[in-house]
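So, here come the structures, one by one.
Shared chain: subunit A. Partners: subunit B in the first complex, subunit C in the second.
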Partner chain A sequence: MDGIDKDVAVFPTESSPDLTAIVVAAASAAYRLREIAPLRKLPPAYPGVELSGHFLKHADEQTIVALAAIQRATQRYNIDPRNLAGWGIIAAPRYIGRLTGANVLYKFPRGGTSAVAPHIVAQCSLHSVSGAASIALGMQGPNVGVGGGEWAIGDGVMAALTLFEIVRVPGVWLLLTEFDCEPVPDEEGRPQNDPTCHAVALALMPGSAGASPSQMPGEAANSQLTLRPGSHSKSLRANYPEPTVAEIAGCIDAAERGLPARWACWLPWGGRIEMRLAAAELLLPQEALPQDVLPQDALTRAA
Partner chain B sequence: MDREQLRHSLADLIEQETWERPDDFGDGVKIREGLKLDSVDLLSVMLKAESRLGVSLDSRDFDKITTVGDLLTTIQRKMAARATGKAA
Partner chain C sequence: MDDAVWITGIGMVTPLGNSLNNIAKNVLAGRSATRQVFDRQGDNLVPFVGAEVDLVPVPTTVDPISFAALPKMQQMALWSAATALDDAGMRQDVDQLRIGIVLGQGGEWYRQWLGDWQRHGDLIRHPERKHETLVTFVQSELGLAGPSASVGSACASANFALELGRQWVRRGLVDICLAGSSEIACPITRANFHNLRALSRNLADPEHASRPFDAERDGFVMGEGAAIFVLESASSARRRSAVCYAEVAGFGASSDAAHMVIPSENPVPAAAAMQAALASARVEPHEIDYVNAHATSTTVGDRAEARALRLVFGSDTTKIPVSSTKSMTGHLVSAAAAIEAVICIAALQRQAIPPTINLDHPDPDCDLCHVRNQAIDAKVRVTLSNSFGFGGSNTSLVLKKVA
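Here is the complex of A and B:
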């Protein structure tokens, strides 16, 4: 069929300049599926935010692990979320809600509406992770879920880095979550395996890969996330391996151990994501975080 | 079922929903702030109440419910209407 492999208009286009953000905090979390149930009774506690004790009762597993990753980031870098209330949140879950969905598909035909919890609508949708994180952190900026399936990492990075172009936010939390491997439900939605749920939380601020370190706030310029549109020739784009959240978590782990860390992947449309993290102690301290919205002209882009 | 029996029954449902039995389930307690139920929590409780008590609630009923007293009164009115219908 004509047009199937034709280029379509996307943003950023292949001729767009690189998009770069400074990584000011990064953390990861990973839990086996059977370890997640106890976490439901331990909702995060941040100053100024009063959550109910059942806040996580119906939350998807990817939401719970994402909140754990955020909590590690805020604790490790002494971040008070009240200072980031105007930030945005981009979450890119992968196949969220499969176990709950399988359970609902089993129960609904047998018991009707009273047999299933309506929470699946709010808790197992694409925007559920970002929405829950926004409530838990007491944030007032935009929160959006993107991706949802294969290559969700690429969708998340692109959405986070382009958000700086669209909305005047001083920073963005990028949450990447997935199971490895996917949960296998039985007919009633009960898991038949014990996969690991991974989450990464990256706190991003607009920045420039092309700027010299002296132009950047402190040493934070050494920790960057970059999207390079159209980096690869079309003839070499077939069969790129899909990146994993665990790979990114490994990069963060190396930085936390004081090692310079790099991670990169190709995207099927030809773009490339590159992340480099300086040793964790070099990341931007809390007092350097802006309290107000940055003017649009503060955005810098790599040439 | 009188009002106090209904109150006890609804407190059971809310305990199932929130893992906590409400300390205060008096008429004046606000659903959202006092019981920390969001709109989906309330919908879930009401679906269970419908099943347990045999009444049917629609979205217009939800708009009027802000306190425990509103909740009890709404359900009692539905139960009374159902009983009247059956008697007729």
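Here is the complex of A and C:
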């Protein structure tokens, strides 16, 4: 885990203040590929949301593990998604759809159009994890996928912290998913290895731009996700190691064990992400989550 | 307004032309780009109706031979980004500026894997090999040093890209931001939509296949193309006396939270996205001069949008002109909102509203103020462009003419 370095003070420039969010809930999930198939038959069940038993039948593996991470977070922090109906969802999967895609590439030249399952666009695209999560949780705030490839974590954090400005949502679920080593499909798209799919679910509320921890409310000051924009100097574009979802899951695990935890990484353009998590019991309780949701206001007016 | 963000450069490649002038001329003339196209499937060529780009121009300073070897998706994105910077007069300033880039994307990987496989590659089975995203490709080719992101909300992706870029400019994260999308008509995507029975099968009369809001529609037509915009703060644009095409004035988004594919019959979430866009642009519904509808030419989608429009505009629904330019361009999927933003700019610039062509028998369940088959002259100061996508994503973008 990369600690928070003293040289952070070099950045940011005056014109680009930090973007900060309070982490109000955090959880992770990890499953080996062979463990995911049984989960397809167990779609999440939240009060007020009616999901078909087939909801996950064609879902990508990363969608399934992301939903498991959210479920852990909602259970651990006793969150009822009905109270967060206006929250947004940002999901940053990585190389989604490899196994399904390999199977399609095997079948397509042999069977043509009719060999292509009608689910690939819906289930194996950048939007698929966020779209499925919005349905599973019954959330009508915006949902969007970001990243998709290398540095997807950076894209996800940046989009999540910006989303508060875009639509003034009261909160955002940030879902980060990836395989720790990618599945290797055979000729027909069957996996030849058994990698682990990791997912992290962070429930974020807006923090003040550039605010110091002491300006944050209560104990939540100790649980923050911050983007420190970097310099635009090209000389600073370095080959930083790409962060992994497993690293962030490790930080969450430490918090769950009652330890204050921190994680940070540099981004290729010179920005830096920093996350501090208070011990889990210090994260905001359910009662403190905002219940007034802008889109719901709009919905009421529209109705 | 101090935090206003303007569009000061545009680059595009579309089936209806590669410049704002050509696109404006063609859509205002009601020309269709849809025709019969063929997908190679094994040894067979299978016909579909499509709207495709035949040849992507080579950007200046790019070697034509290496450009010709690039996949079409990369060609279209590189051309559009480079010409947008040229158009804004900023290509030479790339080294001095922190330039961000946000591109709307959809099934980037299966498209890339298919393209690689069609070139006899095997990338999909070799995860250790480099997988370059479209965004990082453009960033690297043009030497851009700012932050970048791919965003995906299916057919609503490019609206999200424009908004994310706008926020990066407003927050000072970037000096300027390139935002838009590039989309190819991938055979797997086309087969997917065909098997969902979402595509028109009107091979006998392809020019009339895309018929949004028409009672005789039978599905949408896939198109392809790219449009990328330079987003810049109004203060910066004023300082350098830049040309301003429009202000990106407002954005709204919501989710149906209903179904991964089928638009919700409940118009409230889509209406909420439009209302949020109007609120963030600080305009009242009656101030909208033109709605570029998402309407793709599917019965369920067109009707759902018509219901949402009626909810937002109430009694003004009968007065506010609506058209779906997908009748001419086809549906560019993740790049749809980008090309439709170009068309809204054309409307603002030419003071004319493009039509929905092939709208011979309006669906009575889509009772709107249609601009049918012929463009109309009109005072256009504010436009609203809807883009909705799989995963229940609803987005609306407001553009304003800058005096």
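Just so we're on the same page, the second predicted complex is superposed on the first by the 260 of 303 C-alpha atoms of A that agree within 3 Å, B and C clash if a C-alpha of one lies under 4 Å from a C-alpha of the other, contacts with A are read in each partner's own complex, and residues count from 1 in each chain.
Please note the rule applied: a residue touches a chain if its C-beta (ideal position, glycine included) is under 8 Å from a C-beta of that chain, and two chains touch if they have at least 3 such contacts.
Quick caveat: nothing in here was measured; it's all calculated off a predicted structure.
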item: Subunit A residues touched - subunit C or subunit B, whichever exceeds; value: C
item: Touched partner set for A:Gly171, first subunit B, second subunit C, both or neither; value: neither
item: First (subunit B), second (subunit C), both or neither touched by A:Ala132; value: second
item: Contacts of A:His54 with subunit B and subunit C, given as first, second, both or neither; value: first
item: Touched partner set for A:Pro81, first subunit B, second subunit C, both or neither; value: neither
item: First (subunit B), second (subunit C), both or neither touched by A:Val121; value: both
item: First (subunit B), second (subunit C), both or neither touched by A:Lys41; value: first
item: Contacts of A:Pro206 with subunit B and subunit C, given as first, second, both or neither; value: neither
item: On subunit A, the residue positions that both subunit B and subunit C contact, one per complex; value: 113-114, 117-119, 121-122
item: Complex interface listing, subunit A residues touching subunit C; value: 15-17, 19, 88-89, 95-98, 100-102, 104-105, 108-110, 112-128, 130-132, 134-135, 137-150, 154-155, 158-159, 162, 165-167, 181-186, 209, 229, 232-234, 237, 267, 269-271, 294-295, 298-299, 301-303
item: Subunit A residues touching subunit B - in the complex, by the definition given at the top; value: 41, 52-54, 57, 113-114, 117-119, 121-122
item: Touching residues (chain side subunit B, partner subunit A) in the complex; value: 17-20, 36-38, 40-41, 43-44, 47-48, 50-51
item: Subunit A contact footprint on subunit C (complex, rising order); value: 39, 41-42, 44, 46, 95, 97-98, 105-110, 113-114, 117, 124-128, 131-133, 136, 143, 145-154, 157, 160, 163-164, 167-168, 170-173, 175, 187-196, 251-261, 268-269, 271-272, 275-276, 279-280, 311-312, 389-393, 395
